[in-house]
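Labels for the chains are A, B, C and D, by order of writing; each one numbers its residues from 1.
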Amino acid sequence: MQLGMIGLGRMGADMARRLSKGGQQCIVFDVQPAAVQRLQQEGMVGASSLDDLVARLAKPRAVWLMVPAAVVDSTLEKLVPLLEPGDIVIDGGNSHYHDDIRRGGELGARKLHYVDVGTSGGVAGRERGYCLMIGGEKDIVKHLEPVFVALAPGVAAAQRTAGRQEDDSTAEQGFLHCGPQGAGHFVKMVHNGIEYGMMAAYAEGMNILHHANAGNQSREIDAETSPLRDPQFYRYDLNLGDIAEVWRRGSVISSWLLDLITGTLSRDGDLKDYAGRVSDSGEGRWTIDAAIDEGVPAPVLSAALFSRFTSRGEADFANRVLSAMRKDFGGHAEKSGSSTG
Amino acid sequence: MQLGMIGLGRMGADMARRLSKGGQQCIVFDVQPAAVQRLQQEGMVGASSLDDLVARLAKPRAVWLMVPAAVVDSTLEKLVPLLEPGDIVIDGGNSHYHDDIRRGGELGARKLHYVDVGTSGGVAGRERGYCLMIGGEKDIVKHLEPVFVALAPGVAAAQRTAGRQEDDSTAEQGFLHCGPQGAGHFVKMVHNGIEYGMMAAYAEGMNILHHANAGNQSREIDAETSPLRDPQFYRYDLNLGDIAEVWRRGSVISSWLLDLITGTLSRDGDLKDYAGRVSDSGEGRWTIDAAIDEGVPAPVLSAALFSRFTSRGEADFANRVLSAMRKDFGGHAEKSGSSTG
Amino acid sequence: MQLGMIGLGRMGADMARRLSKGGQQCIVFDVQPAAVQRLQQEGMVGASSLDDLVARLAKPRAVWLMVPAAVVDSTLEKLVPLLEPGDIVIDGGNSHYHDDIRRGGELGARKLHYVDVGTSGGVAGRERGYCLMIGGEKDIVKHLEPVFVALAPGVAAAQRTAGRQEDDSTAEQGFLHCGPQGAGHFVKMVHNGIEYGMMAAYAEGMNILHHANAGNQSREIDAETSPLRDPQFYRYDLNLGDIAEVWRRGSVISSWLLDLITGTLSRDGDLKDYAGRVSDSGEGRWTIDAAIDEGVPAPVLSAALFSRFTSRGEADFANRVLSAMRKDFGGHAEKSGSSTG
Amino acid sequence: MQLGMIGLGRMGADMARRLSKGGQQCIVFDVQPAAVQRLQQEGMVGASSLDDLVARLAKPRAVWLMVPAAVVDSTLEKLVPLLEPGDIVIDGGNSHYHDDIRRGGELGARKLHYVDVGTSGGVAGRERGYCLMIGGEKDIVKHLEPVFVALAPGVAAAQRTAGRQEDDSTAEQGFLHCGPQGAGHFVKMVHNGIEYGMMAAYAEGMNILHHANAGNQSREIDAETSPLRDPQFYRYDLNLGDIAEVWRRGSVISSWLLDLITGTLSRDGDLKDYAGRVSDSGEGRWTIDAAIDEGVPAPVLSAALFSRFTSRGEADFANRVLSAMRKDFGGHAEKSGSSTG
């Protein structure tokens, strides 16, 4: 079917390519003309403006937004007046599901349909396919199925799950209508929350392995520092690339994330190219917000989120409070060295 | 090659089967004669006692222990006097690596070789192969390679890692000599620590999804309980089996653990067969011990471990302290109902 | 000065008593006539309705709400139409500071003044005085100072802080104008977040002391359970009441919370009267929400909050997911007993 | 009574002074002659060597060690041969209670008595008195009571606990015989674990207050960064010194730690003199080790400990793993700026 794609950054452009390869017709637009031209050179139809995009689409139109969450509303402000009752807007970016519910209501008042799609897959998605979590009206989601089929990985991408009954769910194809508006981004949000937790689990474990030679380093003796009681237990120089590789086969913790990090660790076991300032794009935060609203404990997912904040220096003031307290009650001066037991 | 296998529980028996299928000769023994008989009926050679086992093995003997960690030392006490210099003992169970270092020294004093093997793979390992993390003397590990090859999944079990250089590491085959004695169980220990973290990440995420309909439940109003501020955001009835299934293809959080839980959630999305008392077999604890010794933070892995303790009621006294404090300063009586915001 | 007090529950009634004792005139009202009568018998002026309350107050009126957060808005709906420009409404309950900002705007549009007061002190406050954290317009807060002085503990309640400069802050008296509308409840919110963390610190520590005799209990040996490696280190039967008492003098962790729990632990070291279902009234949640919005890590405060959720059974589904996974990959059946290592 | 004091650092010298002032006779020794001379000038008897110290003490001798945990064993190696059956050695430093149990056994074999004393109070202890947690043989602890009385704060240091029965416990005086050897340092260890948790609770809360003006800072918009959804809620410039001060009177979170930090925050609300590298001297670690051994959850205390590790850069490698993963799956380049949402 025909689809207008707005936003041709890394994700949007690759999704347009996968859609085209999958036999769907994409009319593409971006505020950066160069991004449109690139895809035109690959054979897609480019639009010169939102008006032009809308004019080129057959009714009922289907327009997919793949823009930063922060500019979805301003884009809709310009796009919506151009649309007509029955047209469909799909937000495939990283919107907060609260915004989906609000936008769904606003567009619905104009007889426009709003569908939210949480999209996972990253840069590998173009080849591997995208996992799509969808919220919206049932018949509209059904109407868009050719698009989802083209974007999703398909059943063959993984072994069938033993014991799953034959049903009408599309989950095995890699896309799923999760529920009403907002449900797609809600499920994607929790997906990312889980992702943070898994990533942190690997990262903490790798860090423990990385320091398995701590017993080979000498430490000074003073009243503030407890010596490493048993240095003889920490004399291992481990090859993290090999360890990640061996875990990829047969172990309980094999995963796609592990596959990814194995290549990097194999090339540079010390990860010297990275400084360790870890960004977060919102979903991890919203996952904890949702857990708190629901009254559901999320100690692991929140610890993973807070580790990212801390990696960016956001615990600094708290740490200064701790050092000041130690000075005040114990006369402890801060140490300038790195290893203080 | 020839191997004596002591301990024919779930793991030991399946490993003997995989070894036999892989062309290795297993002489098997267990304190339960029935366990020996079962494997004899499958064509393996059974031993009637430790003496018998040792007598049937060609020198230098290789004996693999697959017994509970708590009985390794008592087994060695009986086995070691029967062995001769040059013989090899392999502990493939869940021993603490501190014990490996001690046992390695004790056996070394008798000119016996000790190899520790951390084994991952669970009940699926018989078909899928076992991921083996190995510690010990380099030439002894090399000598045992046919055994490891037979047990491990082999290169074909996963896609090759892009960018890994050709090297002499066996990691791609699913087994790895990690370092000197104890290194195998050290790496396996951290593996399990990571496993706890990943499992908790999925579990917490699933719990948040499970309660996504919290806004549909009414809550009483009182001075102690804050109402759910925005019930309209929590009206989703989600199908966890379908969601797990859709994540298996194309998503960033696809993994073997997810594959496993998908079948179960597809059959029973409420997991009514489980009470939620979660055991832990030691490695998760030791991982945190190691992190603390190394001075390395492990907030996610420790939160995962503590969640298991708590699931078994071990926070009860702490919670009573909290309730008592609330009573003392605020006059708050404990509520007997379940949902108190 | 004269003050209307709406809401004569535990906190409201005691505050009216302290105000009266401090020379302020309270006109009191509650939807429960019996609550009004009780204070009338103590000599205060009671109002039979909101209209009556408003009629009895001299202009500009000052009305203090001490009602559950969930009914503040419905109370304001009835109260506000009765008021006149220049009148002051004070919310002394546990409102979310977002609501203060909204209400401040709504009342401001009617030329009414809105002041938010976070109140700490609990049942002891009547004698000990209340710690008041105040948000609102500077001159209005100044106008209400006699009320705050009467409610607050006063300078003599604690030793002067060495090194604090003489300034015009009222902090030493136990009340503080923290900033514009919402600032009072914001600071009170974080106060409660800290309170959760401190309470959890004591509770976890007490739990560790409570189990210091773990080595005296026998545990079965099996493949799933790691034995307590060193039972000889856990043979202490500790008297928690005595330990809390000794910490009250000279130790770094002496505090008012410790004072409180000491009495209870001295009477019943096992806290048999409590079940350990710990409520939370909102501020702890909002503290974490704020931390997340600000991008500030709060691993300790969030762990404390989540422990409360968990104490009420809200982790149950997550735990069932863990048990199911363990069954799926390891064939581990759930144990029904309590101690599984 | 007479006491030999070995180790005249900050704590040891002040304790000798308090003992002298309390009418006890101290013979003092330190490996640094200048430290001995200082106390001699204050009127105490100095010893020129361990032999000299032992020679000057009446039998049965009582010798108090106040030296870094790391040198207790080497000190005992020299001291013990000089002692005679019936003599008493007290370790008042920060020893691990495992070492107490071992040393108690070793000294007991020589008919020497070993007493472990966990000491809290810091630099304020000289004036305020020390909180003493004691482990050892009952009659020996009783024999030393004059020493403990002189060091402890005494009953008057705090209000009596309502409802505590008259008993023979010395807890109200600020010292307590907790149990057999090791029990003193065990209780002190958990005390410090609680201290870490309380300090972190304040520090995290202060950090949230410190960033309450986050809405006043502009942030760039891009696909990786979620904007602060509601900047209008974060426009408070709070005075942390005043807030700490107001909490000291009447609030639930008043404590000695809060008293201490108030002075510092009042002088410098930004704590510019501190870098935020927070040391830890061992007990916090051992508390978590004990919790894990006992199978008791300690999510708050462990989070507090790990925050300290992280403040010293020990999470860096884990963070690099996270950044590498984000690059691998999402093509996300690390940001060099500080605020990435």
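FYI, a residue touches a chain if its C-beta (ideal position, glycine included) is under 8 Å from a C-beta of that chain, and two chains touch if they have at least 3 such contacts.
On a predicted model such as this, the values are computed, not experimentally measured, just so you know.
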Message = For the identical-sequence pair chain C and chain D, what's the CA-based rotation angle in degrees, nearest 5?
response = 180
Key: Longest centre-to-centre distance from chain A, chain (CA-based)   = D
Query = In whole angstrom, how far does the Cα centroid of chain A sit from the Cα centroid of chain B?
reply = 28
Message = Averaging over Cα atoms per chain, report the distance between chain B and chain C in Å.
response = 42
Ask   = What residues in chain D touch two or more of the other chains?
value = 122, 200, 202, 204, 207, 211, 229, 252, 256-257, 263, 285, 293, 295-299, 303, 306-307, 310, 312, 314-315, 318, 329, 339, 341
Key: Residues of chain A touching chain D in the complex   = 9-11, 67-71, 93-94, 96, 122-124, 199-200, 202-204, 206-207, 210-211, 221-227, 229, 256-257, 260-261, 263-265, 270-271, 273-282, 285, 299, 303, 307-308, 310-332, 334-336, 338-341
Query = Which bits of chain B are touching chain D when the two form their complex?
reply = 252, 285, 288-289, 292-293, 295-299, 302-303, 305-307, 309-310, 312, 314-315, 318, 329
Key: Touching residues on chain D, where the partner in the complex is chain C   = 97-98, 101, 120-122, 125, 128-133, 152-155, 157-159, 161-165, 169, 171-176, 178-180, 182-183, 186-187, 190-198, 200-202, 204-205, 207-209, 211-212, 214, 228-230, 232-239, 241-243, 245-259, 262-263, 266-267, 287, 290-291, 293-301, 303-304, 306-307, 339, 341
